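Both complexes shown next keep chain A, but they swap its partner, so chain B is in the first and chain C is in the second.
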Partner chain A sequence: MSRLVRKSPALCTDLPLENSDILNKLHLLGQLLRSCFGPSGRLKQIHNNIGGQVVTTSTSSVLLPAIYSSTPFLNLILASIRNHVSRLGDCGLFAAILCVTLIEKVKQSGLRQNEAIRINKHLLGLCTTYLEDKECGCKVKFDFSSSHNLIKLANNILCSKPAIMLREYETLHISKLAVEAFLLTVPSNSDGVVTLGMTVIVPIEGHPVMESKVFPGLLVDIPVGFEDLESRNHPCSPLRVVLFSTSLAGHLSEIGDGPIEVQYGTDMDSHILDQLLEIGKQVFKDNVKICVCQKVVHPVLQQYLRSHGVIVVERVGINLMQPLVQLTGAQPLATLHSTIPHKAYGQVGNVILRQFGSKSMLHLYPAEESVICTTVLCHRNETVLNELKVACQKTEHVLRLTLREPFALLGGGCTETHLAAYIRHQCDAAGSASVFGCLQTEYLLGVEAFCGSLESVAAALQHDSEDSLIDLTCAHHWTLPKDVTQEDMKSCERKCGCGLIKTSQTKKWCHLNTKYPVFLPASLSPDATVHAEVLDSFTAKLNALQVAIETVNVVLDIQYTIQDVN
Partner chain B sequence: MLGSMIINQRQHVGLQKLSAIATVAHSTLGPRKKYKFIQDEATGESTLASSCLRILDNLDLVTCAVSQLVYETIRAHHEVYRTGAGCLLFFAGAWSRAALLCLQQGIPTSRVVAAMIEGMDLCVDVCKKRSVSFNALCVSTRKRITEASLDSKVIKGKRQVKLSRHFCNTEPGTILVPEPRFSDVARLAAGLSHGCDDAMRLVIQASRIQSKVIPNSVLDVTKVTTCVLPGFPEDHAHVCSGCVILLNPDQASVAHDLKNKPTSVVLISGDLSHSYRHLGFNRPAGIQCVGNRSNMSDLSKAEEWMGKVLEVLSHLEVDLVLVSGLVNAAVIQRCCQRHILVVGKVRASVLKEMATATGATLVTYVTQLSKHCIGKGIQVSIWREIGSHEGTPLTAINLDAGGSTRLVTAIITSPVHGKLQSLEDRFWACAYRVHHALKDKAVLPGAGVTELLCIHRLMKKVEAENPADGTRGSNPYLGIILHLLADSFTEYLAAVMANSTGTSQVKARAVVNQKLQDVDSISADFSQLILDSNEDIPPSKVFDNLSVKQESWRKALDLVLLVLQTDAEIITGVDESKDGIHAGLMFL
Partner chain C sequence: MPPFQRLHQKHVLQTVCALEAVILRTFGPEGGQVLFIRDNGHSMLIRSGTRILTALRLDHPLARMMVECVWKHSGKTGDGSKSFILLVASLLRTIYTAASKDPNGSHVYNSRAAAESAAARRLADQMLAFALEKLDDLIALSVTSYGLNLSAEVLTASAQSSSNSDGAQVETLLASFFRTRLGCAHCDFMGELVCKMLRHWSRKNDECSPSDKMGSFQRSSVVNSNGSKSNTSSSSLQFLNDNFHALHTPLSGFPVTCSRLIEGQIIHRDFATHYHGNHQHPVKAVVFTMSLQPKWLNAGDMLEIGRGPYGKSIMHFSAWAESSLEHIFATLKTLGVSLLLSAVKQSEAVLTLATQAEICVVECVNEDELALFLHLSGVTAISDYRGIRSGHIASLTFCRPMLLGAHRYVHVGFPDSIGTQPCSVIICGLGEGQTDQYAGAVQDAIRMLRTTWEPLGASVKDPSSISTGCVISAGGTFELLLHHALLQHGRSQAVSKDVAVVCQLLADALLHLPRRIHSHKPRDFLQIQSRVWNICRNPFQSDGLLFEPEISQANRGEKSSQVDNKSVCQKPPSSGHCAAHPHQIAPKITKIQQFLRG
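So, the complex of A and B:
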């Protein structure tokens, strides 16, 4: 008997930005995200309400997927930031904080929404043009002739994740590994289209970070109890490899659902096993030395293959299949019901058994130069190891982006303050209010909201009630600890957020949240690339800026939200 | 989704929780551990626990995020080290209280983090400088390569990654260090027993047996297994070569026949039953048999399988079948009738060692067996007949693969059933202490001396941080925080003293302070306060493990810093309309 449940009517919210409940939630979201930002950001413990696993993180790619709001309005913002993070890997918190702050600032300024949208669009255009300009004062060109810049960039990404719990020298070690792995994935001689390889991360818990290492080729788990058998020497190199994506466990894996009729007395299991052994015979006959299977291999087949000198690796999992294909050049076999074509075989250069604590792994070396490598990451416990793994994946992603656009932006909040000062100067010079058909005061309010939001993102790097300053020469971002006065700043040698400018090079500072005279920030000396200590990804940050402003414009335009609560 | 913010940073709830959980560690510190009796109100079951991990095992910790983190850390530490979990938890508590004090004084979090890390680096440095290398310990007159620890430093220097397109990937060079002898191990072990002399006696026995088989290697913990026997007095505990297995009367009669003659053995991983299939095998659903005869019943299938198994085993003249999984009583009985001894639930490590020693191949199905899979040369001997409390007498047999195996079994006995777990844990703790000392090739001065040296070093730095002329380093709070760290070490020493000799906290602190006056001449009498006075080991010969101590400190600090830097808990999957009454929750 079925019962009809009456549907509840949809929930409709008029002018969501006027709704105090939504504004409170938006403010809470802003606080939550701001508190996670930067190297001294606070961590969050994420868990479900029934005592599931606890994740400790401050990384946007872990944090944002965990956050869901009961308000569609906030989910819209979160979804667009999540999308940015999944595409570009970095600057997720930057985008989210900028977005939430700008919405709040526009709301506070009392600007009409369509005017604010037009002004934002215009200012975003100015920013993009300036950042892409050769003369841009907060951009440095990447120098690929040395790995220093790459390591700095990697180091900065790792530094901004406090939950990975690394000491300085450990961060440097991991940064070097990340760059080493990245360089291994770049093919050294290829014509035309360049295809990058892959890095596979193997996390190992309970060992010191400094034992982390990068290996060319792949590391695969070895069935327990058969470690000793695999360590024989193989004089004939390269070794032929066969790769199965289908299960060799001995059950009917390819027939799908539905009833099967079997003649009485037929032993299905032994029939399938016979077929498996046929495959085994062919594999042996074709002089294959390594048999790798994504799923389980029947113990009888394993025994047969081993007794004929074939190394068996089972249960490698779907994630390793693509790298295995690239490494060996083999075609994964998805069926048991045909003979194996010769072109499906691949090869590896050599195999070595490696030991990490109690874990034994088989190291498959590439037969020729290959763009596949493995990073073994060690850390003291699972929580920090998970965070480290995510941070390394992000780093790899960002390093790859530098190949597309070989630039980096100054980090430590300097790009934000510099950009804000530049925009203020541009808008002050050209009285372009009339272009938008709005009043000069409205235009100035819009500019103020935009620049103020950028500056407050820089200020969000501070978590221990330090003050944020801007210098009035280059418009870089400075930190003033609570116990140091501005006078002290001049006397002792300090550096700005990105480490490019010293106190001696500039004379006047101003608090970030106060009004300062409009000026054109000075551009960089040509050796900026060498001296900047903190670098951000250019591609990721530019995209984050665009995503943030465009999301703000969509959100400002929303008149109703209609929520189906069934 | 909702975020529950910790509103008042100065009253960090997470740190308070951490400090509260850590109080369970106090009774487990030092050579004289106290038992805790944990009773489950709901089921009426009770447990006796004397180690930090076992106490946490028996508490319901999933309710709070911090306790889950604690448990995860302790578990991970125990997996690798088997000892030092109490010290880890104690310092996690002490340092979280220190961090709380800092927050209450308004010291910014980033300063606390930086200063605590600096303090830890100082302490780790103390450990490095004051560690006693294995060479210095061993007084045997063998020729040695001196300063092995220095050599390793040089090699580490060479391994640095070059920052070029071609990162070098050199393998670490092998350093020649003299292999320790059994006599060295015995001397070392006495200093590492930490009050568990009985357990350490077993470890020394195990080492003696193992070192006879392979002269250059003294203790391999992977080839040690334990067997617990309730009912016997504790001094019946001992170690024997091979592995000890308990058998029921049927099996025992077969074992009697097998004793004193070379047996052939097969090793099976997984269960020995007709329905068992290897891991990853999925039985297809919806199979219908068609034909002129009715389906065979499960019973007859099992019978057919049994017949096949017996045929194979008899044909291959197998005497002994060791199975890692389950074997049901009927199968055991049928095999016994054919004079084949079948034993289930054998540890995987034992099977592996038996495979290496006898040349047997581990198989999953009996049908896989062939002549090549059979191992030879296992000696079966009856070790002891044991009356069991259920009435059926049990027989303990010893399986020994002769001279070619280093497998040893520690038999742990106690008349009190509830104590067995603690005794087993202590045995493993001792074994791993020796194992890690051999691996580190160095030990630390024990009996509180290392902690005292750390206090001394920290206080020296504190004095350097507060010079008379008022100039300060980059972190103005460094002095305060290092002072708190030094206090936590004093607290630790006081807690250990309170456990072992019943000294009051105040008196213990006074002793520590007095000893600090002349730290360079730390003498035995201080150490005697920590150890029980009637111990027969001179306190200067008490050692701690280098890597275990360093790692437990580091893990404790990681835990505290992780919690300290956390300012909010995000709980997912909470319904605002239903759970809205929760205090302190904010909904997003």
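So, the complex of A and C:
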């Protein structure tokens, strides 16, 4: 009983949003996230207080899990953004910045929580309806007939991750690889339900980025010293493969845990080994050329198989089993006694040994068309390589999303400013304040907070004390360099954030955080010659917008926190 | 001797008021959420009174007792825990105020405090006696007549246009319930979603319940004065409540509005074998509860391995185990089985042989989910693999993998012949805290509806006066009506002076709730009060329908006042009862501790 520790009472905070300490932390979080945003965002180094690995990043999927606040209130925000990132893979910083900014703006406006929540919900509804509308002025239909748009989308995602330290041509190379890998995973014969394949990423450290490459099929590790493949001349016909998911080292795990009495002179190991060699004989007899095992293969069996010209790959691990099954069409085996049925064997087209620096890998080509491919990513050091790997995974994820909804949104902050102008116009037109049972002034305050937050996300793309402008025809986002005045804008040839409009097409600009007259932003006529240069994922951004606003609503609704400190 | 303390009435009031202060943050239309961080760092969002009180981890014995009372109440009704605390606090205050003014008996006791506590105890006892005896009838007589009767058929027959308005009212009832549980943002959406779900299930059970063998149906077959229709409805609600865990799938990272119903059942596990997708139709499935390849060498047994011509090698045993396994799969293959659900983990050899027999395996399926699967498919699990019969083989319309967030699940569908489509619900939210909150609220809503259509206990003398399924518009109408009725009752000639006093006290205490509901807009309180007075004065001009527009206004969420709904027939009596209980007990504690001291 002496071990029984008395539970301490819970720690309670009343009205957390009135607490200045929490508000300060929230502001700090906002600044931190804003500084990472966009192609020219600043990098963050993450390390814990007892040493350990230092991570350099600006990606939300690495940064957000690393931030841990002692205030549960902030953790709630971070957790919901993290969940969004893990589902959709992109637009994490957008959601986080929008969320923090909107909370602050609502707080400043002095709106009551319930009014603010209702107004936010209503405006979010307006946004989603507009974005899903066919006539939406900031949406581009995806054209799958050429890979241009896909490469642009991939390029934009990679560009917004400055910690991968790539030059322009390197970024383009990696974007092309990402698109190539994505296209390889899409099956060409589509009957009914399409099942996408998968890309396995193999990171190689210390090689130039331009050596990165995509291979069809799989690359598996092979121990040094066993790569005498060249001596054998494989015919062009497919090679037969056998796949084991159990250990071939003589472990009998399924017996039970009772005692075994062995009579003197009985060699149990040799009995088991005999059985293993039986398998070896059958494999050889059935003309199998490659034997892959998830776990360990007994050295004697290995030796036997090798001497009979079978390539043995052991310890491939559980992660590679699924792609191996898909690539070869084999059925993983785990029985030792039954004869292996012929349909359990799979096949590969060819095997080649590939060298990447000191690493040698066995390349298994697919026998026929397959949806499995391998991307070898090279980069100078481990830190940037990790970041590059994450960026490529996210890119693949976003590219896959385009199959579900074949749209993209204008990037470079143009979607945000366009949306803000549209909402302002919509709310000015209809006096809908009475629907919420709140005053018109309250309603306007809510709209101002919402649109102001959207605009400030666009403005967060600027880090070098440039100014953000909005044009008053299409409501796109423009960058005003330090040494250029607004009047000079007309004379020089520039483009807006997404690259869709040139300076000649618009006449008036306005600073982003100033008041401008309400207008309905024009959507550009679909001109075949002009294409947006910067694209964002439609699905990811729409979900990010919804998640951000809903998080704001939840946060505003919190009146009390109870923290169990036991 | 353990330390003790004299429990003064001041302390009792303080404790209850402290609880009230916390509850008030989440009460009514202007209330918000509570963020609760568990000791393991997980955060939860709560707006349900019971959960908040549980989260507080209270030290004070009286406070703990209060929380227990709330548990008992809300476990039964699924609703009303916040009003419970507020009512208790309000009652305590009125009783103490009355007791301090009470002129009687002060000469008997030697201190003023003792006299007051004795007076309070007496009042509480009287109030309890009154509540037990009269309150139910009073409510039946003068409150429910202003309510609206929702027939339980609303859910079962809602597809027909005739009952559309009633269907809309169930939606309103649910929406206003979610308003108090989840806030104003998604109450309408969730009300609609749950309503749809209930319709799916009610229709299903209507058709299949006669042939049903499941215990859950028999358990809830209640005798109802209102006819047998609500029987099926109540049993389907009971069924949903029992199986809710298996019927919902939380999905974090998406906005709440992505929540949806989905046909069939989701088994929250992935395929253990590679999914090949070429099933025959219908998909035949079997359920195993044990390992197909049991460990044959137990700790008590001994395995002898010999040498020579008669000695057995270890491989002998291993081969024997494997061949018996092959035999099972040969049987399954001849039966055409292509899906195997297992409650436990199966060995690698089982997976291999299953793959070769083109059977997909799903391992480690949750017990509840298996039970639901067995119920919906109408088969039994295989406990002995030597006797596999056709009664073990379920026919499914489809079986496919389903990717939800980070998880891959197995999605199965049941054929039409069993009834119309059963469905599961996917609850989306920003994080685990939110999905949990929404799932909990949906389950509470189901419980609340079940209570609404549940017949009353034996305490009502004239059961015909109260029908089940009575609802009344929100926003304190119930309290105001009861307040009025109590005053009338107290004024009538037939009652004794004591009862009149108690009625007055209870009526005063009740007013506290509508005041709190409208604390942000006091004008609404006056409006609703004057309306209730008008109705009470001219009872023949109005009928229950008068309240109907108000209910639908609550739906729009704009009349912020009309939210706190009541399922009249169940809740108020129990609140009355339970609220009186702590009173009775509180003075008792005082007494015991006084005794200890002396």
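Throughout what follows, the second predicted complex is superposed on the first by the 521 of 566 C-alpha atoms of A that agree within 3 Å, B and C clash if a C-alpha of one lies under 4 Å from a C-alpha of the other, contacts with A are read in each partner's own complex, and residues count from 1 in each chain.
Just so we're on the same page, contacts are C-beta pairs under 8 Å (C-beta built on N, C-alpha and C of every residue); 3 or more make two chains touch, one makes a residue touch a chain.
On a predicted model such as this, the values are computed, not experimentally measured, just so you know.
Legend: residue contacts after superposition of the two complexes on their common chain; A:A66 is shown touching chain B, with no touch to chain C. Of the two partner chains placed around the shared chain by superposition, chain B is the only one that A:R42 touches, whereas chain C remains out of contact. When both complexes are overlaid on chain A, the residue A:L252 reaches chain B and chain C alike.
In the superposition on chain A, contact of A:M268 is made with both chain B and chain C. Of the two partner chains placed by the overlay, neither chain B nor chain C lies in contact with A:V288. With both structures placed on the common chain, the touch criterion links A:A458 to neither chain B nor chain C.
Once the two complexes are laid over each other on the shared chain, residue contacts for A:I260 go to chain B and to chain C alike. Overlap of the chain B and chain C interfaces on chain A comprises residues 252-253, 255, 257-265, 268.
The touching residues of chain C, counted against chain A in their complex, run 22, 25-26, 29-39, 43, 45, 52, 55-59, 183-185, 252-257, 274, 277, 293, 295-307, 311, 313-315, 317-319, 321-323, 326, 347-349, 351-353, 355-356, 400, 405-406, 430-434, 557-560. For chain A in complex with chain C, the residues that touch the partner chain are 7, 9-10, 12, 14, 16, 72-73, 75-76, 79-80, 83-84, 86-88, 112-114, 117-118, 121, 193, 195, 245-246, 252-266, 268, 271-272, 274-275, 322, 325-326, 331-338, 341, 343-344, 435-437, 543, 546-547, 550-551, 553-554, 556-566. Within the complex formed with chain A, the chain B residues making contact are 1, 3, 5, 14, 62-63, 65-66, 68-69, 72-73, 76-77, 79-80, 108-111, 117, 121, 161, 163-165, 167, 169, 269, 278-293, 295, 348, 351-352, 355-356, 361-365, 367-368, 372, 476, 551, 554-555, 558, 561-562, 565-574, 576, 579, 586-588. On the chain A side of its complex with chain B, the touching residues are 25, 28-29, 31-32, 35, 40, 42-51, 53-54, 56, 63, 66-71, 74, 146-148, 151, 162-163, 165, 167, 176-177, 180, 183, 205-206, 214-216, 224-225, 228, 247, 249-253, 255, 257-265, 268, 295-296, 298-300, 303, 307, 315, 357, 380-384, 463-466, 482-483.
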